[in-house]
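Okay, got some structures for you below.
Shared chain: subunit A. Partners: subunit B in the first complex, subunit C in the second.
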Partner chain A sequence: MSGSTSSGRVFHAVAGTISVLWLLPIVAVLVTAVRSFDDIAANGLASLPQSFTFAGFADAWTNGGAGAMWNSVLVTVPTVFLSLALSAAAAYALSRFEIPGRRSIILLMLAGNLLPPQILLVPVSKLTELLGIYDTLFALIVVQVGFGLGFYTFVLQGFMRAMPNEVQEAATIDGAGPVQIFWRIVLPMTRPALAALAALAFTWIFNDLLWAITVLRSSAVMPVTPALLALQGQYVSNWNVIAAGSVIAAIPTVAVFLRFQRHFISGLAVGAVK
Partner chain B sequence: MDRRHFLRVTAAAGAGLLVSGTASCATSASSGPVTQAAGTATIQSNLSAPAAKAAIDALVKAFNDKKGAQASVNTVASETFRTQLPSYLTSANPPDLFTWYPGALLKGYEEKGLLLDISDVWQTMGDYPQSFKTLSGKVFVPTTYYWWGFFYRKSNFAKWGVTPPKTWTEFVELCKTLQGKGVIPLGMGAGSDSPWTASSWFDYFNIRVNGAGFHRELLAGKQKFDDPKVKAIFTPWREVLPYTDPNGTAIGFQEATTAMLQGRTGMLLTGAFFADAAPKDAIDDIDFFRFPIIDPNVPLAEEGPTDGFFASAKSPHVKELKEFLTYAATAEGQEAYIKASSGTVLPTHPNAKDSGTPLVTKGRQHLKEAAEITQFFNRDSSDALQPTADAALVKFLQQPDQLDTILTTWQKAAEQVWSS
Partner chain C sequence: MTSMTRSFTRVPPILLLFVLIPLLVEGFWVFWPAVQGFWLALTNWDGVSPPRFVGLDNYARMIDDPVFHTAVTNTAIWLVLFGGLSAVGGLGMAVLLQKERRGVGIYRAALFVPVVFSLVATSLIWQVLYQPGGIFDSSPLADPDTALHAVLVPALWRQVGYVMVLYLAGLKGIDPGLYEAATLDGATAWQKFRHITWPQLGSVNSVVLSVIVIDSLRSFDVVWSMTRGGPYHSSELLSTYMYSTAFQSLKLGYASALAVVIFVLAFGVIVTYLVRAFREN
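== the complex of A and B ==
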């Protein structure tokens, strides 16, 4: 008894220390966000705060933060819907029908995802220019959908393949065609996986920097991550404004995660058991 | 609600989402690029620091208020700008103007035919000294420049009872005194994301010992980094290494300024942009002195990095952009810029007023006295050569006894850059 409590204490002490260490960077960002620039310049980033102000938040919001946030929403929401809709359709076809060479198709889609995006930067940038969509949010949506499809399809087809065949057979007997089966049976049953993927995709696309700076050039269309980068100066950066901007930029992803948390965990669990 | 109904509702919702997805996609496409309105010259700017951004905004506003041609600024992070500049320039529809500095990189683009010949703007710039003209060639219009020096707090020097040195001996003596008082005499800040600060030391030792001519030849690949003349400049540098911040290669530039402002270090070799990193109430307390003379026979050279604009050869707004460049080169335009900036940059126009603070007046005089102006390591050589200097100099600061190996390695790395 006494042995188990002492080991319990050790466990709590170790776990507690790790949690505190884990949270330290976030606390540091939050503290920096509410300091004034003069305080940071005079006392350094690492010193204890000697000022308290929300001016950093106001600065970040008015210095392009508001527009960038809207741009991010304009990119992220359509991209998540489009890529999940397309990959759900692809996954349905690949998992429920005997398409010749479907294994190769899936592997090919996955292989596309294994390519490092860095080697595709120049071709993608040139391609969007040729298509005349360079420097538009539309280009970013197309690129993001294209690069997301492979992975989402792979996950969804694994999930759909695990559905019992009897359900589909019963629907067929009831007279449902492939499209009806997809809409009325497969898609609703895939909800947990879709919700989990939607939460993931939202975070990835919202936090992406690389594609945004590859296909965009004007500050007016930049989403939130490059806008955050633009708060950094060539020599001198206002760390309080950058920290405040980071806090603002984190809010949507945190909100989405909290909202989808339940689906997210159950989605993973369902996938794991089957 | 029965199951069928539920499924129908879900399907409808799904379809609805799809439609709304494509719909918002269409709207976002229309909110796409900043339309290049006829008669508006777009300026791609890397001046992302708040003070510098305010300054270029003020310049453009003053230009637009004249109701002639119009210009608009598009600010991107300086790091993004640096890496994306080649793709901006080679794109089918590039921005019209770019903020940048003269140097090897610009020459390279000029030779590839990517830059617009703006010699007729120079026709309006008769007052400009020949040195700016030589520096800029046919493709660049300089608007501001700044100076480098050892910056310190007047109140701290008074407290420690020391005065700025003139000669190298006095400088070493000053370091010794400060160390005796428990202060680290020399800040560095070559850690984190600013290893390039060490290059300012290299530049200064080289222009003080070997002169600006040799320095330029070395950076252009006509001399060797393992030359005995280069090795010689590390002798005075070694002399002051014991007085240099032992954390010099660990902390970055911005932290190093804080250490100096707090009096933990005595002084910092840095550029006038340093004032951007200082709290407002400390600025009046800041002064600087010239990097001490080591060999009085070497003509006085100073670092005076120049900034300005160049234009893309593909621009459809040649008339508008030239009008803007002409305005940016006038005293009026530069005064508008400087008024909105943090005030430590100098106008390139000889008759334009600077911000008029004692610090800036002294800085302008400081550069006027110099017989030769160098730009900075990366500007006199290339951004590709800068990392070789960073690696070599940071290693020297950490292991000064490895100098011979460091210089041989540096020369090898530099040769690779030059031959590529």
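== the complex of A and C ==
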């Protein structure tokens, strides 16, 4: 309806142009990814594609891509699960019970997450060496769980605090213990917040570079994001392979975003605007 | 709030474990290393022989370190340009795409898609675009005069959508009746923005400011993947200089002192953020 008015036409012209400009780099990379090396070498990156092949994808996938993707799964899934499990437990105790110093504990935990990670890099790297877990995926998992906990706990305790008290009281009268109430009542009611945080945490952890290159060294254990940097070094000026690698690396997070779009956006907004 | 939890004053012991275990995990991997970081900043350490206490020498060394000066200047430029432009761009797009109308979801999604890409993937996408023989005759990343700005563009491309989402959430909270009343009074679009939108966005603005400062000081991935801080340190930020000093030059004491500088710069914003969180709790 507003499309027929002149202000509607101006709106669509402006917003449409910006959107197309915004998507242009993605289109350019998709096009580059399906061109052949010879085509790019002969005609240049700017020319219209003269070829169509998935060779770039095959190269990126077989030269480390598949292994890196598996490493990412091995890191991301346990990290998201452990982070949310631990922070949900902490949030439950801190929001529904008079834990001594609860406000200070919540803020202390959040403060840890706001620290610039640079202050932690050298000690964390040395700590993993000391424990004999340097260059293992286990190190990357525990480091990221530790660093993320404060933020997830803060968001979840805010959410749990807003829950009505009656349910908990009724369950207590029925003889349910605090753990049962957590498991059967509070956790199910927290699902929207957990879903939002899970979607966010997945992209953060999957996209991480800094922690990975701080506690990992061997290419055999590198997840997708740092492996992409290695791919760039290995395939200098093989732009079809590099473009294909970027596309492969972006697929999981784009899939999560498309599947959990609403949760994802609300998670971002909750995290910051709360 | 206290009346809500009053009936649960007695805390079952198992719940103390619910808090203690996460707290210990964070303590071990965050607070304990942070304390070590501040201590290491006062030492000279190559990571092999034991750290040697040198007092404030590392900080004194920064005064004569030209790379440190470049990194500080670039971090300030980054804060202003990355922070400022993403705030202005994000707010502008949020206001443009604020009203629910046909097609608006597609436009919002278009701006948001880059947010889910990793910064490494983002930087590779832009490296493809920057290649000589494409839009440019020579890559702007290779020229010390343009490298920092060439890195800034992809970072902004990804950040604007994020800030837009934060502002969209804030704009949702504004009573549409205010706009209707203003329209009846014949207010222009600018007047509506100036007298309704902007004053109502106060708390969102301060949140966006904190997020932007913290994100700017943390920015590492995009610079590291595109230039490693080069050429000739021209795109060096404090975060990249800290990383290469620690893990490439193996000057762990000096690197820790650089990390402390980043911490000090972020400190004010972190405290503001925590004070707001405290008030809402």
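By definition in this document, the second predicted complex is superposed on the first by the 248 of 274 C-alpha atoms of A that agree within 3 Å, B and C clash if a C-alpha of one lies under 4 Å from a C-alpha of the other, contacts with A are read in each partner's own complex, and residues count from 1 in each chain.
Definition applied: a contact is a pair of C-beta atoms (placed from the backbone, for glycine too) under 8 Å apart; a residue touches a chain by one contact, two chains touch by 3 or more.
Since this is a predicted model, take the numbers as computed values, not measurements.
Q: Check subunit A with both subunit B and subunit C modelled on it and let me know: fit or clash.
A: Partners clash after overlay.
Q: Does the superposition put A:I173 against subunit B (first), subunit C (second), both, or neither?
A: neither
Q: Looking at A:Q232, would you say it contacts subunit B, subunit C, both, or neither? Reply first, second, both or neither.
A: After superposing on A, A:Q232 lies in contact with both subunit B and subunit C.
Q: So which one touches more of the residues on subunit A, subunit B or subunit C?
A: Of subunit B and subunit C, the partner in contact with more residues of subunit A is C.
Q: First (subunit B), second (subunit C), both or neither: which does A:L149 touch?
A: Once the two structures are laid over each other on A, A:L149 reaches subunit C alone.
Q: Based on the superposed arrangement, let me know which partner A:L137 touches: subunit B (first), subunit C (second), both, or neither?
A: A:L137 contacts subunit B only, not subunit C.
Q: Between subunit B (first) and subunit C (second), which does A:I105 come into contact with in this model arrangement: first, second, both, or neither?
A: In the superposition, A:I105 touches subunit C alone.
Q: Should A:V122 be classified as contacting the first partner (subunit B), the second (subunit C), both, or neither?
A: Both partners, subunit B and subunit C.
Q: Check whether A:V241 is in contact with subunit B, with subunit C, with both or with neither, and answer first, second, both or neither.
A: So A:V241 only meets subunit B here.
Q: Considering only the touch criterion stated at the top, classify A:G44 as touching first (subunit B), second (subunit C), both, or neither.
A: both
Q: Which one hits subunit C, of these parts of subunit B: 171-179, 189-197 or 297-305?
A: Clashes with subunit C appear only in stretch 189-197.
Q: Share the list of subunit A residues that count as touching for subunit B in one structure and for subunit C in the other.
A: 44-45, 122, 125, 213, 226, 229, 232, 237
Q: Taking the touch rule as given, give the residues of subunit C at its contact with subunit A in the complex, in rising order.
A: 1, 4-9, 11-12, 14-16, 18-19, 21-23, 25-26, 28-34, 36-38, 40, 47, 93, 96-97, 101-104, 106-107, 109-114, 116-121, 124-129, 131, 133-135, 157, 161-162, 165-166, 168-170, 203-204, 207-208, 211, 214, 217-218, 220-221, 224-225, 238-239, 242-243, 246-247, 252, 255-256, 258-260, 262-263, 266, 270, 273-274, 277-278, 280-281
Q: Can you list the subunit A residues touching subunit C in their complex?
A: Going through subunit A, the ones touching subunit C are 1-3, 8, 11-12, 14-16, 18-20, 22-23, 25-26, 28-29, 32, 44-46, 86-87, 89-90, 92-94, 96-99, 103, 105-107, 109-127, 142-143, 145-147, 149-150, 153-154, 158, 161, 165, 168-169, 177-179, 182, 203, 206-210, 213-214, 224-226, 228-229, 232, 237, 239, 242-243, 245-246, 249-250, 253-254, 256-257, 261, 264-265, 268-269, 272-274.
Q: List the residues on subunit A that touch subunit B in their complex, please.
A: Result: residues 37-45, 59, 63, 74-75, 77-78, 81-82, 85, 122, 125, 129, 133-138, 141, 183-185, 187-188, 213, 217-222, 226, 229-238, 241 of subunit A touch subunit B.
Q: Where on subunit B is subunit A touching in the complex?
A: 7-8, 10-11, 14-15, 17-18, 20-22, 24-25, 27-29, 31-34, 44, 46-52, 74-80, 84, 87-88, 91-93, 95, 253-255, 257-259, 261-262, 271, 273-274, 276-282
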